[in-house]
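Okay, so subunit A shows up in both of these, paired with subunit B first and subunit C after.
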Partner chain A sequence: MTFKYANLLLIIGFGSLSVVSSLLLSSGMLFLLTEVLVIALLAQMWNLLAGYGGMVSLGQQAFVGLGGYGLYVFANHSGLPVWLWIVVVPLMVGVAALPLGMLMFKLKSAYFSVGMWVAAEILAAIVMRTDALGQSGGLVLRPGGESLAGNPERILFAGAGLLLIGTIVGLRVLLNSDLGLALLAMRDGEEAAEAAGVNVRRTNLLIFCIAAAGCAAGGALYYFSTLYIAPTDAFQINWLISMMFVSVIGGVGTLTGPLLGTAVLIAVRETCTSLGLTGGTYWIIMGTIAIATLLILPRGLWPALRSKLHVPKTEKEATIG
Partner chain B sequence: MIQTVAELLFQGATLGVLYGMIGAGLALTFGILKVVNLAHGVFITIGAFIAIWLTSLMPTVPLALIIVATTVLCALLGAALQYAVIERAMTFRDPSVPMMVTFGVSVIFTNALAQFAGADLRSLGVGSIAQKSLSVGPFNFGLFPLLTLIFVAVVFIAVDATIRKTRFGREVRALSDRPDIAALMGVRVRLVHAQVAALAAALAGVAGVLLAMRASVSPFSGGENLMIAFEVVVLGRLGSTKGALLAGIFLGIVQIVSLRFDSNAGLLYVHLSFILILVFWAASGKLK
Partner chain C sequence: MLKTVGISKSFSGVPAADDVSLSLQAGERVGVIGPNGAGKSTLLGLLLGTVLPDRGQILLDGDDVTRLSPHQRVSGGIARAAQIPMTFHRLSVSDNVRVPAVHGAGLRGREAVEWVDEVLEMCGLAASAKVAAGQLGLLSRKRLELAKAIATRPKVLLLDEVAAGLTEPEIETIIHMVETLSEGRAIMWVEHIPFALRSVCERLIVMDKGRKILDGPFAHVWDDPVLQEIYMGVPDDNLS
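Our next item is the complex of A and B:
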């Protein structure tokens, strides 16, 4: 099967699956599954940055928060439909990420990582102190100043499903293009890539902005489903921890890895909930799994599993370790 | 007026030397082990909580002894972590592996601490010495901050002398410059790595105890502390202990002065001043 048909089939298959299940499942289940899809999407974005771009960011939660707050502010204060903003706000965040990226790229490797975290902290502190954003009390979603009518969770879930599969297919196409080749060349050696005619800085900036927009889309979708947003929640480091652990467990630098990692995350979380364990225990277990994966299978579960199952390599992969 | 300014500067400096100490520990692991230890911030919190736990367990034991015990425990923990986990992560070619491993460690430690000690803010009482102060002309300096200042100065001189004058220090410097040749010359690499990790963890632990005496800490303070340590290292131009000390003092003064004008600013102005300096350096081409 050619690459194009595989992509088309993926979109139609998973797209119709998410539409059909959005009509059949209960709203509690849909709420949970929307969060799962959002985590998978965020992990794809973190993985794009770290696995393919070699930029380990500890500040991606900033974009999740920006996406959520952007949606609330624009939907609440403009007369335009909230569904429009869920598309526009991520694009705006992607553009706004450009100057931040230009500054942060002055910091190399680990300095970039922690620098991003500092930037996210500053943003959270500013939101927490801004009157118009409800300070630490947060905001309620009231599009056009009125309470939201109906149950958005069905459309939200279908939208999140479509967005996730669209993102994965988009990344597949991207990684098979010249840009993907440039990224892989950069991972192997920036100087060599530069010498071969790759504009390293511009490629990195593009990836950074795409990842920012993707995280903002995840934040907008998630906080649309909660109907309430607060800074300590929207900008919390736990968003980042989930993205990193999910990617690391599943396989950094593969597209299937973050999906597999998300499955692990949900399995652990639901097991903890059903056993009555606290949130702290859940994070301890996830951290242990992530560290064990890094030490034993630094490339993650998916690459190891794939060679066991003799699944042929169909995607461009970056290597780690 | 001049008294207020002097007092603020003094408070900022006594806080800042602690930041310098945190930064020096991070710079040590980065410079010598070539590992970005994202668990460094957690050692600061762990130090504080061990001291709080020990004093509640043995209220009659003098504070100096508590500090020594805490330092030793933190050093042991740091060495054990290096030996058992980080050393293995360092064998991978990609430097992001040890970084992500230490991040995982910090998540585990933070949540374990919160489960064990509760998520509340805690602080460590210093007893009657907190009220004592020393008058120099029109100025009033707290005795406890003064002692902190002297203590940190002694620690810095001791660390500096250890690195420059002792056999251990020579091995450390050799490992940092040419690890392969150092190993050929008989330096026991894993042992020295564990010792360096112990030293860094001890510095973080002591700083944590002293910070808990000034202000309250929670199990979730590790992230904040890590960011400060990182800012100290960047502003202090990596690797030099004097640079770390000066950068720490600068950030400490920024924090104390900003809190004076805006009492719930937290670390906002500290982070902002750090980013502003970065922007300035980037614009003037100083970052390369």
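Our next item is the complex of A and C:
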């Protein structure tokens, strides 16, 4: 019962916080915060896939790009409202991920990781050569052929906030379900889970599709706020690096870790920008922080902080040892 | 109930199972012995589905299960306790048992909770239900491995050297557990410890070089000169 109340409290608290702040903050701030929420969402998905599911994908940026492009193509060429597509496109990407997953699961561990990366690169290359997708020039968001009236950033920010908190609550429920139990068992040993009656392949595929849909939702939200999409941006590996950085720094295999990691990522990035440090210097700083954190706290910030603060582990929450 | 027809499996040309045909009746308790490399573990792997045969057929209650994956066979009523306990080390003992109760036996809600408690009680693990499996000692992990197998509610229980590596009093507790757990099930027990098999099994199968050499009532097979020959130079009383 307390578990359900905690979830309800999370939704109401963070939901109203995001709605209220969407009314108070400036447009530029909202754009930045929407990106923050999207990165946190993507990180939760990578964390689900790699941290809980043990599928270390290096190609999740493919689903971010697909979500963005899916939104542009369907919104631009149909008379239906763009808000509908922001819900439908992630579901479509989730379904489309099924055959890709079936193919990729023929590859084991490191081969799977690299295979996913190659798949993402192939997809980006196809988009860059497709006329209908604007080739390397990209697309402008014109729902139904019209320019978008007004700026959607308030609703987008509130929507991203609600989606993120919905995702976290959804993941909490998932990890406490029978499916979550199977997932946690598989993380400790796939062969043992299979011998205990768990359909390992089906569980992996399901998680793969959920993570794909989640990344697509992040992509759709983000590129809605930019009003312009290009393949070099939508399919860039920086999406993946952000997801991994945030998860690993914060604590893989925990739900709180990626949120903490996102805060670190954005704080460092914005500080660098305000100091005029860009490009190479910025990445050197990020890399140094990542290596230093992992040398000092191999399991990430949150597990270390949690034991310092004596916060009890939630039952199904666990870290990669 | 469980039947194999001429199953064979080679690993890079070396036969690990060579034309093995056997059948197991409901409630029957069968011991399997043979020198290292005789193909005992491979046989259990073939029955569970972690190893697929090159030739031959495996039937469960008359249905062909030769190509089914392990989780499908578990649902069909075959379970295995592994030689090296394959416990979920980051999950609690009770969650370890819950995985097969839910996903193997297909239980839900209250039914699952009650069955997990019952299995933990049966296997002497009730006191450590909340402990992470990774923190257990060897005997407890062996108990947990048995508990996980039993939690799937199997008709056929495959035991792969579940008593290996234990001291004699510990082996006694495992024997006692197997006796309790075998109520109403067929058991196939691979073990190198003859006194353990002798106290539980009424039938004995002898394997050598992937082939089934002997198969019959325990005492009968035990006294067979062929068995002495396989374990050449080892006198009978050293084995028992």
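Everything that follows uses one rule, which is that the second predicted complex is superposed on the first by the 316 of 321 C-alpha atoms of A that agree within 3 Å, B and C clash if a C-alpha of one lies under 4 Å from a C-alpha of the other, contacts with A are read in each partner's own complex, and residues count from 1 in each chain.
Everything that follows uses one rule, which is that a contact is a pair of C-beta atoms (placed from the backbone, for glycine too) under 8 Å apart; a residue touches a chain by one contact, two chains touch by 3 or more.
On a predicted model such as this, the values are computed, not experimentally measured, just so you know.
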| item | value |
| --- | --- |
| Touched partner set for A:114, first subunit B, second subunit C, both or neither | first |
| Which of subunit B and subunit C A:185 touches, first, second, both or neither | second |
| Touching partner for A:106 - first (subunit B), second (subunit C), both, neither | first |
| Which superposed partner A:193 touches (first subunit B, second subunit C, both, neither) | second |
| Partner chain in contact with A:263 - subunit B first, subunit C second, else both or neither | neither |
| Partner with the higher number of touched subunit A residues, subunit C or subunit B | B |
| Common interface positions of subunit A, toward subunit B and toward subunit C | 321 |
| Subunit A-facing residues of subunit C, complex | 48, 50, 69-71, 74-75, 79-80, 82, 86-91, 95, 98-100, 102-106, 108, 148, 151-152 |
| Parts of subunit A lying in touch with subunit B, wherever the complex brings them together | 50, 54, 56, 58, 103, 106-107, 109-111, 113-115, 117-119, 121-122, 125-126, 129, 237, 241, 244-245, 248, 278, 280-281, 283-284, 286-288, 290-291, 294-295, 298, 320-321 |
| Partner subunit A, residues of subunit B touching it in the complex | 30, 36, 38, 85, 88-89, 92-97, 99-101, 103-105, 107-108, 111-112, 114-115, 223, 226-227, 230-231, 234, 265-268, 271-272, 274-275, 278-279, 281-282, 287 |
| Complex contacts: residues of subunit A adjacent to subunit C | 178, 181-182, 184-185, 187-189, 191-201, 318, 321 |
